[in-house]
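Notes to accompany the following structure.
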């Protein structure tokens, strides 16, 4: 287990190290100003200073993105299920779902804050909006592409719509759903950061704007890199879950 | 403003205080120092207020005030006038800076020292009509042709990025961006709006509230204004202590920038006025006329209702 | 128990079934024989309620079940196992749909079909014939009283096949289910059925219905008897007309 | 054809009409101020006034989002193909792809502007970044879930890696790819609007921010609604393409 | 032409093939018979280069092809048609992989196999037997000189089957390909092959190799001859040991 983890991760690790190295050299070579693009070493230095004040921001954003992602997943799967099982509802409401992806934050923000106040709710709504869509689309795609022979069998056996869904269409869509989860998971952190611009006391987004407005670029980068790391961690977690859920695909597949 | 209703405060020491929310216009900066001082020094508490400071981010402060999601906030005359013309019931209750500190900044090597020099140069624009109107006025006053200026819309890019690439000059507030340039050792030429046109010496920033607030609880408005003014007056007299208070409250800001900015800005809060926060009707009127003339607002604005000095402490 | 009355079906322009009428009595074992592409599987889809006939009605125990589902147990021509379920879980699927699972019996049956080793394997680890046996057991385990089997033994070698045939007979005799059975093997049809229905082609109609006179229980010797060969010749003659 | 179009669209059309009706009634009933949430009738009035000045903005954004979407699709499919065919490259570079989705615009913007200036390129980069990811993830998902019997056949026949890809994996992934295209297509308009905040002379984004900064909410809504309509049109187009490409799935499927 | 030397293969703990050695000469028709699940399809995968043997080597025309692909034409046990391709396009796939398409010949062959009507149909519109015939023609059209056929006729009724067998023989005689043929029907193996290889089970080894003595060309009468029945009995005996 341990060795296989090392085996799986040394490549990307090396690549990232190389990338950071190149970046460091480039900033020094072309003497790029720190306020424009800080060198990795500057960022590390800054990170050291800033960690104690940064931690609460971090915690707040992680909480926000995890809850948003979970809500988004639930909503996305729920929406996909409803739209799949009720074709008329799908026809009728699909345009609204697309519309929901085209609400710019500058419009949504005042409305949400005015309706729901300065608390977590408007932020969760924004993250949910960002997360649910890829999941819903991928899940719907998976549901409709179910193997027709298996559908034939189920229908011949008199499976009810619910049985068809739970026993065949849903498990069949699992790989597609994971495609959607990966996309949504990746977005959730960024969506949380953006949602914090709606007015928050804490969070990576707040930290980032404060740093940006006082022109502390290294600090901005500390925030970004942390956001990236969280995002990668999310992605990794979803990958692990995927392995677990569709392990039947891997088994005996070592030709 | 000793309204006695308890709005469920959980901290025991301010159980009888009236909760008040105050929205900033942007991230905290030295325009806001007085508010932080009043909070830190207990001026608000003296007036029976428990002030919470909100960072509304992308949510416009004027909308928040108009929708009564915040009680008071930092606004600016150009925004408030436009907002009123669109029907947002806002009132300015104090000017934070007596004179407009906005101006066209450019690195010295570009040699831009007066509006005349704008000709043939590239202006990093936000893209609004107001901006064009201001430049036009300024250049006409200096007998220059506004058509000769090259507009480059720079969107969200900050000043330093813009001048690094393609852009020669841009509109900034000296008290923050200019100070940052000093810190970086970039020498700037400034062409202040107020120096070249009376009508553009508008008040920015200001402290604003809604008409609703004023009519339902004028005492509260008065209490708030008094405490805030006291805070700014402290900042006028003790720039260093005031700066430290801001830094303590918002440790994520650059302390050097805050300190130098505070030094620069403290004498400018009150400036030539007889008291902090006073606003002159003439300046409001001139600017409103200017906006109307350039069709930036469609409806004339009743200046009488747009601002008031009524809540300032009487000296 | 099952009755089809003048059932016709076309796909687009192409008429596949023309005025098919047939009858399966309670506890009867009926085989369907007909050329490849004649419409046997289509007939099953009609009985299962998956397709609606263009004309005609279908009755089960006197009730009309035209285009209604859930009355039959079914083994499709393609094994159609669920790739994410192990063999045992696949086999229990038919029961799951009706609500009651009988794990013990399923295991015993898998054992009996020579699949004891692969109870927890996934379908892609099975050979073609093994998959077919799994699908067969899945159908056997479903509780409905009419079973539609679409070429259940086509992928099996002759010995496994005879073995499975005998086993099927023994189960059928115990449980008194009715069976409608598609096969390409005349031997198989003769050995197993009470009645053989021979389909013509383009479009498929009923060419002849042959009552099989052999007594039950039947055993392997029957296959080698003179009488059996006579009947086989007769059927070949009918088909070749 | 014509009647079937009417048949397919009357439901969502009715729903949207109803929604607009409700909105109108609600704004009047609760006398919601126009600057907060304008009534549909206000928006229509404003639209009438503003159309002549608005058209060039519209054209610019459409051009931007279409080009960005096309580039994003190409990049997404290219990336997915490379990552699929070269598992080591996938292992090594996947983290960078996730990272690319976590670059907030406030950081990216100055860098892009410094490197590429105030022209179309940085905007296209931003739209591409937004579009390529869902396509790449969905396509990768589709590639790896190819039916194993068909893979078995192709390999037995000695198909080269390229043949396996072109003749089997790619066509097999088409439905998944369309899931990705739908997500990306929906995002492209919003991404274009956002990218215009990086400084543009024209565009819905520019129009929208200017309107917002002068508190002309009705005008902001005109812009949003237009963005939504474009987005829906995009989606519809992709749906039509999908019908065309996977028509074998529909054929004879009228049970 | 094809030679296997001591080929063994296990899946995990389970040994499937043990020391299989066999030989197919140029232009020879060899059948493989063995119980369901014995390892016949696995053997094909080894020859096709899809699986690597745990031990042993495979040679084609003297060259080692162990774990190398692209030397054989293949018809899988499951039809494995591409659902997004029409029948004609599916049939041409084998040729496409080698670069030269022969549309005319493909159409003629489909016609000959009774699939003339469905040339432009999609696989899901075909019956089970029709799919199998399509897969069969796809293999026939591939240009390689060794053909591996995995139960090509299992889903066909007896008449279509005999018809296809005769057709296969005629094609094979014209083109001088070598054929390795998996079947469950002893009749089929005897009628078609030069040599029958009988596999044992668990793990599969070669039980016996039987040379079929009948002259070519063979016709339908052979099936009813006394000599044929004798050989059939002999093979049954071998298998049942």
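A, B, C, D and E label the chains in the order they appear, each numbered from 1.
Criterion: a contact is a pair of C-beta atoms (placed from the backbone, for glycine too) under 8 Å apart; a residue touches a chain by one contact, two chains touch by 3 or more.
Remember, predicted model here, so these are calculated numbers, not experimental data.
Each step here moves to a touching chain, and the least such steps from chain A to chain B number 1.
Note on interfaces B-D and A-C: more C-beta pairs are in contact across B-D. Comparing the CA-atom centres of all chains against that of chain C, the greatest distance is found for B. Here the CA centre of chain B is 85 Å from the CA centre of chain C. Taking each chain's centre as the mean of its C-alpha atoms, chain C lies 50 Å from chain D. A straight line joining the Cα centres of chain A and chain D is 17 Å long.
The mean-CA centres of chain A and chain C are about 50 angstrom from one another, to the nearest whole unit.
Residues of chain B in contact with at least two other chains: 60, 63, 67, 158, 161, 164.
Within chain A, contacts with two or more other chains are made by residues 36, 106, 110, 114, 209, 212, 249, 252. Residue positions 11, 50, 78, 124-125 of chain C are each in touch with at least two other chains. Contact residues on chain D toward chain A in their complex (touch as defined above): 8, 11-12, 14-16, 19, 36-37, 88, 91-96, 98-99, 101-104, 106-107, 110-111, 114, 133-134, 137-138, 140-141, 145, 175-176, 178-180, 182-183, 186-187, 189-190, 193-194, 208-209, 212, 220-221, 224, 227-228, 231-232, 235, 249. Partner chain A is touched in their complex by these residues of chain C: 44-45, 48-50, 69-74, 76, 78, 80, 82-84, 93-94, 96-97, 122, 124-125, 142, 148.
On the chain E side of its complex with chain C, the touching residues are 11, 14, 33-42, 77-78, 114, 117, 125-130, 133, 150-151, 154-161, 184-186, 239-240.
Against chain B, the residues of chain A that register as touching in their complex are 35-36, 53, 105-106, 109-110, 113-114, 117-118, 196-201, 205-207, 209-216, 219. Looking at the complex, you find that chain D touches chain E at residues 149-150, 152-159, 163, 167-168, 171, 174, 246, 248-249, 251-252.
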